[in-house]
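There are two complexes below, and they share chain A, which is joined by chain B in the first and by chain C in the second.
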Partner chain A sequence: MPLSVSLSIEGDTTVIELAGELDADTAPDFHQTIEKAAGHGTRTIEIRMAGVAYMASAGLRSLVFAQQKVADHVTIKVVGAIEPVSRTIRTAGLDRSIVLDG
Partner chain B sequence: MPSTTVMVLGDHPPPPGALLDALRSMDAEVVGATLAELLSCPVELLPAADVLLAPAEVPGASVREAVRRLRRWAGAPIVVVWTVADFAALEDHVRLGHDYLVPPFLPALVSARLLSCSERAELGRTLREADARAALMSYEKELEIGREIQAGFLPEALPVPDGWEIDVLFRPARQVAGDFYDVFELVHRRRLALVVADVCDKGVGSALFMALIRSLLRHTAEQSGLQHLVAAGRAGSSRRIPVVGATPLLNAVTATNGYLTRNHLRQGYFATLFFGVLDPATGSLVYINGGHNPPLLLDADGGLPVALDVTGPAVGVLPDCVYTLGYAQLNPGDTLFVFTDGVPEARCPDGSFLGDARMLDLLALPPSAPPRTGRDVLDVVDTAVRRHTGKAEQHDDVTMLALHRPRAARGPHAGRRAVA
Partner chain C sequence: MGDVRRRRGTGTTEPAAGELQVPASLGSLAAIASFVQAVAGRAGLDRHATYRLRLAVDELATNIVTHGYRGGTGRITVRGRAGAGRARIVVEDSAPAFDPVAGCLRPPADVPPERRRIGGLGIHLALTSVDEFSYVRRDGLNISTLTVKAEGTDPCPPRP
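And then the complex of A and B:
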């Protein structure tokens, strides 16, 4: 299942909206978008994941990668993830470095 | 079907009637195009041809550029340039390696020339395909070598203490894997280390990190423990908590996490892992679950499996994080089932997952059921995974390890329940 990725800026927040499945095949698209988002220099990057039905470990790696790409003062938020996806993030302990919201 | 396709360039001057007659008389499909079209239209719309027939009056460099674009899509045609008067222009083309036709345009001569060019084009295509196949075979060979080397990072044989059974199932999704397992002895064979881990993502990158993480864990654990065994021995401790195994365990996981976050954080690779240290004499287990799917402790008497929840984050993500220790006890008949996410996330052809709930159903034992070994557990789960996956592609590595303490065995501290 493909992943659709969109990128926009709302005030001081760069919004990445994902829909579909985030796995080894689709994560490279997300990586590219993260690099673009990091270039925007906003204080917050909000990743909207309500439309993500499944996230494999390659998707977790994307989040770690995102953390590395942005400056220290930038907050990365994951918003709207469904329970299995947010559980995957929490189990790996990534909720300690990114803000997991909703 | 014509054996040859000739693309006739419609640029000025137009081809003489004799040349067109000769083309019509041979077994060839003729397509028209202009140089401007060949240079500007999207490559995926470019027509395919064996031979590109062009007037000598069009610049050689432009024809060469057009051929370059054609090569990217449908393969390069052989260029044949014709003229009736401009022999100087023809010479320029010949220097670029283009073939040529000059009057008289007799059908037999034209046909022979174009067919020989068409054969050259075919030969060129065959050679390119052979090159591509050879390149692919060479990649596959490299991957196969990678697979063999990686197999060397898994234990050759499992050291199984008396009174215990260990069974493993390891089925990578690709030639090289991100999953791994390890079983090795610690502190003069008084403790047994069991590791099941899953390096994030797939493919060669994960495989390289698997080799690194496995080595760091094992090396650190093996190098740190003896002094603490001595210390614990002097203290004459009677605690059931196996502090002896706890030190190499904590050292291995924190040192590996420290190394990865100091040196490799930018690459974003990390591993979820379960690392347990068993005291084979007592059945007590001390463990760290670093962001891994909770292993399930299956009681000999059935009932719901007990999940050994995470005690810290995945390894390689957070610098300076704290791992706490978890403790569990395996009594006679009990089984510890450790697995990677390839098990609950096995997918059937329509995309649905096997799921955690189904796994628990499979493992919950009715009270009347006959005793179950670790091998039985692996078989039950593996059968379910294979049935569920069916004809779908295996998406993720599948790794399972079952540590079982048979009922018959009685060590010096053999459990709280009497066995009939």
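And then the complex of A and C:
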């Protein structure tokens, strides 16, 4: 399954919506979108992952990249991740710096 | 405001008789995933066990492509066997010797996530997602065998 990535702004939140599968082959699209989102300068970046059926460590790398690209006061939220995906995020310890929202 | 869609890789060999041979490229990951999911299905693994097996093989294959062959040409052979309540996948490549167990770095709890080496985390995810893992170097091949059991408890810890 390919990955679809969309980017929009809702008030002071930049929303990245992902659907499909996030592996080393598809992650570059997510990576590029994060780069654009970081340039928007909103206080929150919300990554909606309810439609992501699978995520490998390449997705983690993109989330770490997101943290590095945004200013300290910007909150990054991951919303709607299915259990195996949020478990992978927790395994990497990323839930300590990214808000993981069921 | 953009929408990006990608087509997955082509140029792979169709799975036949429990074996898949693909070029060592990231474009082959989708074909490897389909193959693994088919083996898991034949073994009767549930959704979570299937996910764990797919994740492990995917991370291993990604590591072979990016670090084993270092982006150069090569092939990956994936064999599958569906037994009673278990699925076993054998992954072979002819890249320089690499033992995933010896090369695995556990995510250090005291290092902030943004400073961690995520590459090592992929292999850590692979090893902790399966119920059994073994590696041998034989006849110039790296041979990794991964097994997931249908009723196996999930060994993947919630936190490092």
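Everything below uses one rule, namely that the second predicted complex is superposed on the first by the 102 of 102 C-alpha atoms of A that agree within 3 Å, B and C clash if a C-alpha of one lies under 4 Å from a C-alpha of the other, contacts with A are read in each partner's own complex, and residues count from 1 in each chain.
The criterion applied here is as follows: a contact is a pair of C-beta atoms (placed from the backbone, for glycine too) under 8 Å apart; a residue touches a chain by one contact, two chains touch by 3 or more.
Here the structure is a predicted model, which is why all the values come from computation and not from measurement.
> Who does A:S8 touch here: chain B (first), chain C (second), both, or neither?
second
> Based on the superposed arrangement, let me know which partner A:D29 touches: chain B (first), chain C (second), both, or neither?
In the superposition, A:D29 touches chain C alone.
> Quick check for you: in the superposed arrangement, does A:T75 touch first (chain B), second (chain C), both or neither?
Neither chain B nor chain C is touched by A:T75.
> Of the two partners chain B and chain C, indicate the one touching more residues belonging to chain A.
Looking at chain A, the partner in contact with more of its residues is C.
> Should A:S57 be classified as contacting the first partner (chain B), the second (chain C), both, or neither?
both
> Residue overlap on chain A between the chain B contact set and the chain C contact set?
1, 23-24, 54, 56-58, 60-61, 64, 68, 91-94, 96-97
> Once bound in the complex, which stretches of chain C touch chain A?
1-9, 26-27, 29-30, 33, 48, 51-52, 54-55, 58-59, 62, 65-66, 107, 109, 112-114, 116, 118-119, 121-122, 124-125, 128, 156-160
> Taking the complex as given, what residues does chain B use to touch chain A?
Residue positions touching the partner: 178, 198, 200-203, 265-266, 268-270, 272, 290-293, 310, 312-314, 317-318, 321, 341, 345, 351, 353, 395-396.
> Sort out for me which residues of chain A touch chain C in the complex.
Residues in contact with chain C: 1-8, 21, 23-26, 29, 32-33, 36, 54, 56-58, 60-61, 64, 67-68, 84, 87-88, 90-94, 96-97.
> Across the complex, what residues on chain A touch chain B?
Checking each residue of chain A against chain B gives 1, 23-24, 27, 54, 56-58, 60-62, 64-65, 68, 91-94, 96-97.
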